[in-house]
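Look for subunit A in each of the two complexes below; its partner is subunit B in the first and subunit C in the second.
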Partner chain A sequence: MNGARSLARATAHALALLLGVTLVSFLLMVHFGPDRTWGLLGKNPSQAQIDEVRADLGYDQPLPAQYVRFLGELVTLDFGLSDKTGESVRQLMARTLPVTLALVLPGFTLGNVLGVLLGMLAAWRRDSVLDRLILGGSVAGMSLSFLVIIIALQILLCTPWGLDLFPARGWRVDSLGSYLWYVTVPTLSLVAVTLGYNTRFFRAVAVGELGRDHIRTARAYGASTGAILFRHVLRNGAVAMLTRVLFSLPLVVVSGSLLLETYFGIPGIGRATFDAITSGDQPVLKAVVSLTAVMFVLVQLFADASYRWVDPRVGRR
Partner chain B sequence: MTRLLPLLLLLTACSDPGAGPSDDAVTYVHAMDGAPASLDPAQASSVYASFLVVNLYDTLYRYKYLARPYELTPNLAAAMPEVSADGLTLTIRLKPGVRYIDDPAFAGGRGREVTAADVVYSLLRHFDPASRAQGAWLWQGRIEGIDEWKAAGADYDNPVAGLQALDTHTVQIRLTRPYPQFVHTLAQAYSAVVPREAVERYGRELGSRAVGSGPFMLRSFDSARAVMDRNPAFRREPFDLAREGYDAGSQSQYELETLEGRAPPFVDRLEVEFIAEDAARWNAFRGGQVDFIKVPAAQFDQVLAQREPPRATPELAAEYHLSAERESGFVYTNFDMSNPAIGHHPDPERAQRNRALRCAIVNGFDWEARNNRFYSGIGKVFPGVIPPTTPEYVEDAGSDYIQRDVEAARTLLSEHGWNADNLPVLEYGYPASVTEQQMFEQFRSFMADIGYPRERIRPLSFATFGDYFGAYSRGEVMLITSSWTMDYPDAENVMQLFYGPNAAPGSNSASYHNPQYDALYDRAAPMAPSPQRTASFQAMNRMIMDDCASITGLARTLVFMWNRDARMLPDRSFTGGFFLRFVDKAGRDG
Partner chain C sequence: MATLRLERPGPGGRAGLVIIMAFALVALAVSTGLYPADAAVATGSGQWEPASGRHWFGTNRLGQDIFARAIVGAATAFKVGMTVTLLSLLLGAFFGVVAGWRPGGWLDALVVWLMGVLDAIPFYLFAAALAFALGGGEAAMYTAMVLTFWTATARLVRAEVMRLRQLDYVASARAIGVAGPLIAVRHLLPNCRHLLLVQAALTFVAAIKTEVILSFLGIGMRDGVSWGLMLSESTQDVLAGHFGNFLAASALMFVLLLGFNLLADALQQPNPDSAKAMVGA
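Moving on to the complex of A and B:
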């Protein structure tokens, strides 16, 4: 009963959040976003032609009417056609989202798993040479721009100036082999750029946990390193770690892939979103913003549930 | 295996529909530095869209592949138009038996024959508000009855007096006044012929698919690339070097003789990669992922052994062909002449002072520094608006206009009572980018040399070109940085940039108004190219410079590189995408 009540409360919060996000983003998109009128006009346009295009784009409708229409689209999940290409937004999302997921998931997973392992190792050997090496490497990784990493890895791995092992560009995936062929360098780029941040964060969590009384007790009882790190430190630090991992997921999926998709010529949702922002393609923007908001809400609901699972005390508070 | 299932499902969902050409298929991969927004010919407003559209659809005419200066030749049309004695009626016959590709839009899914009614329909679409077309400016007020057709509701079942299909293969067009450039408009992607069935079936989704009769068929299209397969039903017309304007003296190194007698398109698959980022484009080229690129200016030091004329280093020359092309267009900065603070003014004395101010700014502008800093020193600076690629261009037509003279600028300002306290605040507009910002700073430093206080020259940047276009069309920008790519190889296309009736939001972004200029334009524009017309255009060019209406101009030089196994002569101007059907790869021989 208690669980049902808190789920209902979380759902109500989620709906309020969704409405708030859509309202703010709608105002940003429609009121402050690019005006597509002039980009759709030919040369030497007359005022009548300008008015025709504005009417066709729905710019002549009052703002509240446009917002209500947007909510209707959100409920039916039908955002119409892209203003730019004419492609159905639903089809565009179905085409680009799986590509982005396949592109970023290996790097995202590896970046987090390696970050946890390196963070815990550094924390376990705190103030040792190994700790300093890991921290130094993390700072170096954090200091390099994503763009520099991508271009450097492309030159190193994809051109005759380097090893020329992988393609500099493309996404012609029709088998596991071709997938690995195209995803390797983007994955290495993503790992290189996220590992430093992840390692530092997970190290800080592990250092905090390692200083607790129950860890000292476990050590006194002669518990193995593995048991201490993976059974006690990881489990007790899981709330903070889960929060970081889960809440970065929507951003990684929707916007974090932009540079990868642009520089490796991969037709994913990040590139589509960037194009929609710069061109003022409102149907696509509305869909992406709504999708992001829904993902955040779902992540929040999932995070609430998972906190109870990893730390039973959460439910009893 | 069950653990791998989600991954396999994801891979299936995200697999590229353009993947997997057969092993013996000959594929040519072309890189472009931008992507088209739409593949609908009615919206083919960019060079990127045009490149694809003319390969997926047919236009009545095209430009000869190798002839320079550019020359028109029939494409879907059987011959050049039959023109009446008064130049107002054109009769065009279509090649019989040309078919659209198979598509569910057609009855039974089989492409039908392209007819004269399709040509009429395709041009009328530009006057139908529902089609979001962008090419109406080419024909409005020029074809008898077409504006009235739109005013009456744009009903395709209503006939247009000046645009008729006389029979299945004959189109007749009646012009309201002589328009010698008209046939050029029928070589533009805007005029590509679309079937009505496809427009009615797909509506705006035609922007992301293609149902045409061109040399290629669209296989996939997204923000990263377009993949096209050879249209097996494309008409078999043997390639004729002489008819395409081949010049053995300047073109023999491209090995085009091997094309003689074969029917284009010569490759089985055409892929166009959209790579806006210079570093990514260069890496993709050097990594062997694309066959052709426009070389980024940042690579010139690495690529060029000499700049004038551009020549590749020996190491690169062994692997690649290199060619340079002067753009058919130019970059320039207009003054907003509708702004009384700097432009036209009802008070003759103030008008004279404003002119002196504009001329001082023109004198203070350092074209050599601009060329060296932003165009690698290989652009061509020229006075006025008639670019070097046009026959009307004259090398020494006012070279003083592009020579920097700081002392003359300072003198002009002081003689006309301008000083640091009363100079107007200049708002310098541009679409936001690092390069544009750097150009602004350079401009401000030029002006500082003539005594224009830095704080009186302010940047106005805009997130998109559309926003910028809107702002200067509303008169919100005093200095309008622009570039113009010619629509057809005729100087009329640049002279109309300063024609009074084309004032903003039209292409006369300066809103320049000079009755003498307009009268000369009205007289010269309907003329066929002739010494008399050339003299008129040159006089108009002088007027623009005398009035200091624009800081102009520079024609950029584009440098292309392509793999030696690709036999072709690339072009970005009027033959544009048309040349892709003639690209061949040596791999086919082997």
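Moving on to the complex of A and C:
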């Protein structure tokens, strides 16, 4: 009963957020964005042609009607055709999204798993030399720009001035071998840029959990290190950790792919977004911005539901 | 009680402060014209000269001294960092106090909703959308950063204000009819200063890092000299074997960001609530 009510409240909250993010996307890109009429017309258009294009774009309608039209596009996932290539935006996303997921998921997963392990190790040996080393390494990692990490790894691993093991650019994947060949350097970059932040966050969670009474009791009863860390610390810290992982997912996928794909010339959604940014391709940009924002809100809603599953105490609060 | 622990910042915090002061002096020298930036950059040398006593990091494609450009970039970094940090903290403190003062009220709900909306749009896309709407340029870059960075500060200030307003002295001030804004200025904000200082250091780091990425993506700095523009330039250089731009810009940037991160760390370390604050965030 109580659980159902709080889930309903979470849904209402998510709906309010959805309204907000779609409104912001709409205002920025449709309302305040550049007028697309002239880009779509040939030279010396007649007034009739101008009116036709403006009607097509919905410019002749009042603002609320245009917003509803935008929401319609969002719900049906039909954003029309790209201004630059003429490809349908839906097709473009279907083509690029799998590439992006294949590119960023290994790095995202590895960055979080290593972060949890290093964080728990540091917390377990709190204030030891090892802990200081891990913390110091995290601070150093947090002080590096993503771009610096990418360029450095490229020099070290992909050029004749380094080891020259991997390709400097491109994405010609047709087998597991070629996938690993192309995905390694982007993955290492993503791990390097997220590991510092992740480790510190997970260490803080683990330190908080390790200070609790039931851990002291478990230790007094002679529970093994593994049992304490994985059974007690990891499970009790799961909600905080899961929140972090889920919330960082859209951000890492979008920001990571934007930079990695632009830099390495990989034909994923990030590269498509970059091209849309530089050429002012409104249909593509509008689709990417609004869909990721909507995804983020849905992930929040999903996170809220999943806490009940991970931690039965949540629903009863 | 959160106190300002600047009197004993520890070796890491001290190192951070020294680094920041050194860079601030350099930035001041550049912006006041004490450091002859134009003359130092335009040296009249040939392109791609190797590192030497005269050109510490060599020269770039146009024969400009790379080290001098990196020094000027430090001033740009301070300009970006200070502008963004100041404005984000002002917005964050204001909305944090306004929201936390009556938790659950309509104003609080509105601010929380606004923060949720702004946090839901991935930052670089928000910046791209703004650049699209405003027609690009530096104004779009600053606007994007300030509009998204204030929410982190506002959330923390809101939580702190919600805690502070329960305390006796704030309740007493309210009971004798002290006006809300006066309580905010006299009691609430001073007690958030530690938190604001940490946020200032972290926001500064975020601003400098973001400038680099946005400039690389073509929606940040347009002209002038910045570490972001130098690094964007270096993406072409390094494939031809010229590392001057990359090494100079990334080394200086790393040291400055390390300084701010060390300071933020030193300020957070003695605070026993920090771990809990992170989990709750």
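As a convention for this text, the second predicted complex is superposed on the first by the 267 of 317 C-alpha atoms of A that agree within 3 Å, B and C clash if a C-alpha of one lies under 4 Å from a C-alpha of the other, contacts with A are read in each partner's own complex, and residues count from 1 in each chain.
Everything that follows uses one rule, which is that contacts are C-beta pairs under 8 Å (C-beta built on N, C-alpha and C of every residue); 3 or more make two chains touch, one makes a residue touch a chain.
Just so you know, these numbers come straight off a predicted model, no measurement behind them.
K.L.:
Of the two partner chains, subunit B (first) and subunit C (second), which one does A:S128 touch, if any: first, second, both, or neither?
P.N.:
After superposition on chain A, A:S128 lies in contact with neither partner.
K.L.:
Pick one for A:T262: touches subunit B only (first), subunit C only (second), both, or neither.
P.N.:
Both partners, subunit B and subunit C.
K.L.:
Let me test your reading of the model: by the given contact rule, A:R271 touches which partner, first (subunit B), second (subunit C), both or neither?
P.N.:
First partner only, subunit B.
K.L.:
Pick one for A:V207: touches subunit B only (first), subunit C only (second), both, or neither.
P.N.:
Second partner only.
K.L.:
For A:T225, using the defined touch cut-off, is the partner it touches subunit B, subunit C, both, or neither? Pick first, second, both or neither.
P.N.:
In the superposed model, A:T225 contacts neither subunit B nor subunit C.
K.L.:
For A:T11, is the partner it touches subunit B (first), subunit C (second), both, or none of the two (neither)?
P.N.:
After superposition on chain A, A:T11 lies in contact with neither partner.
K.L.:
Pick one for A:A293: touches subunit B only (first), subunit C only (second), both, or neither.
P.N.:
It touches subunit C, and subunit B stays clear.
K.L.:
Give one of first, second, both or neither to describe whether A:P34 is in contact with subunit B, with subunit C, with both, or with none.
P.N.:
The answer is both, since A:P34 touches subunit B and subunit C.
K.L.:
Pick one for A:E87: touches subunit B only (first), subunit C only (second), both, or neither.
P.N.:
first
K.L.:
So which positions on subunit A get touched by both subunit B and subunit C?
P.N.:
Residues 34, 151, 154-155, 159, 161, 168, 262-263, 278, 280, which sit in both footprints.
K.L.:
So in the complex, the part of subunit A that touches subunit B is made up of which residues?
P.N.:
34-45, 49-50, 52-53, 56, 81-82, 84-88, 95-96, 98-99, 101-102, 151, 154-155, 158-161, 164, 167-176, 178-179, 261-267, 271-272, 275, 278-280
K.L.:
Sort out for me which residues of subunit B touch subunit A in the complex.
P.N.:
Residue positions touching the partner: 7-8, 10-11, 13-16, 18-20, 37-38, 40, 43, 45, 129-130, 132-137, 203-208, 222-225, 273-277, 279-280, 283-284, 286-290, 463-467, 469-470, 473, 502, 505-507.
K.L.:
Which of the residues in subunit A end up touching subunit C in this complex?
P.N.:
13, 16-17, 20-21, 24-25, 28-29, 32-34, 139-140, 142-148, 151-152, 154-155, 159, 161, 168, 201, 204-205, 207-208, 237, 240, 250-251, 254-255, 258-259, 262-263, 273-274, 276-278, 280, 282, 285, 288-289, 292-293, 296-297, 300
K.L.:
For subunit C, which residues are in contact with subunit A within the complex?
P.N.:
Its residues touching subunit A are 113-114, 116-118, 120-126, 128-135, 205, 209, 212-213, 216-219, 228, 231-232, 234-235, 238-239, 241, 243, 246, 250, 253-254, 257-258, 260-262, 265, 274-276, 278-279.
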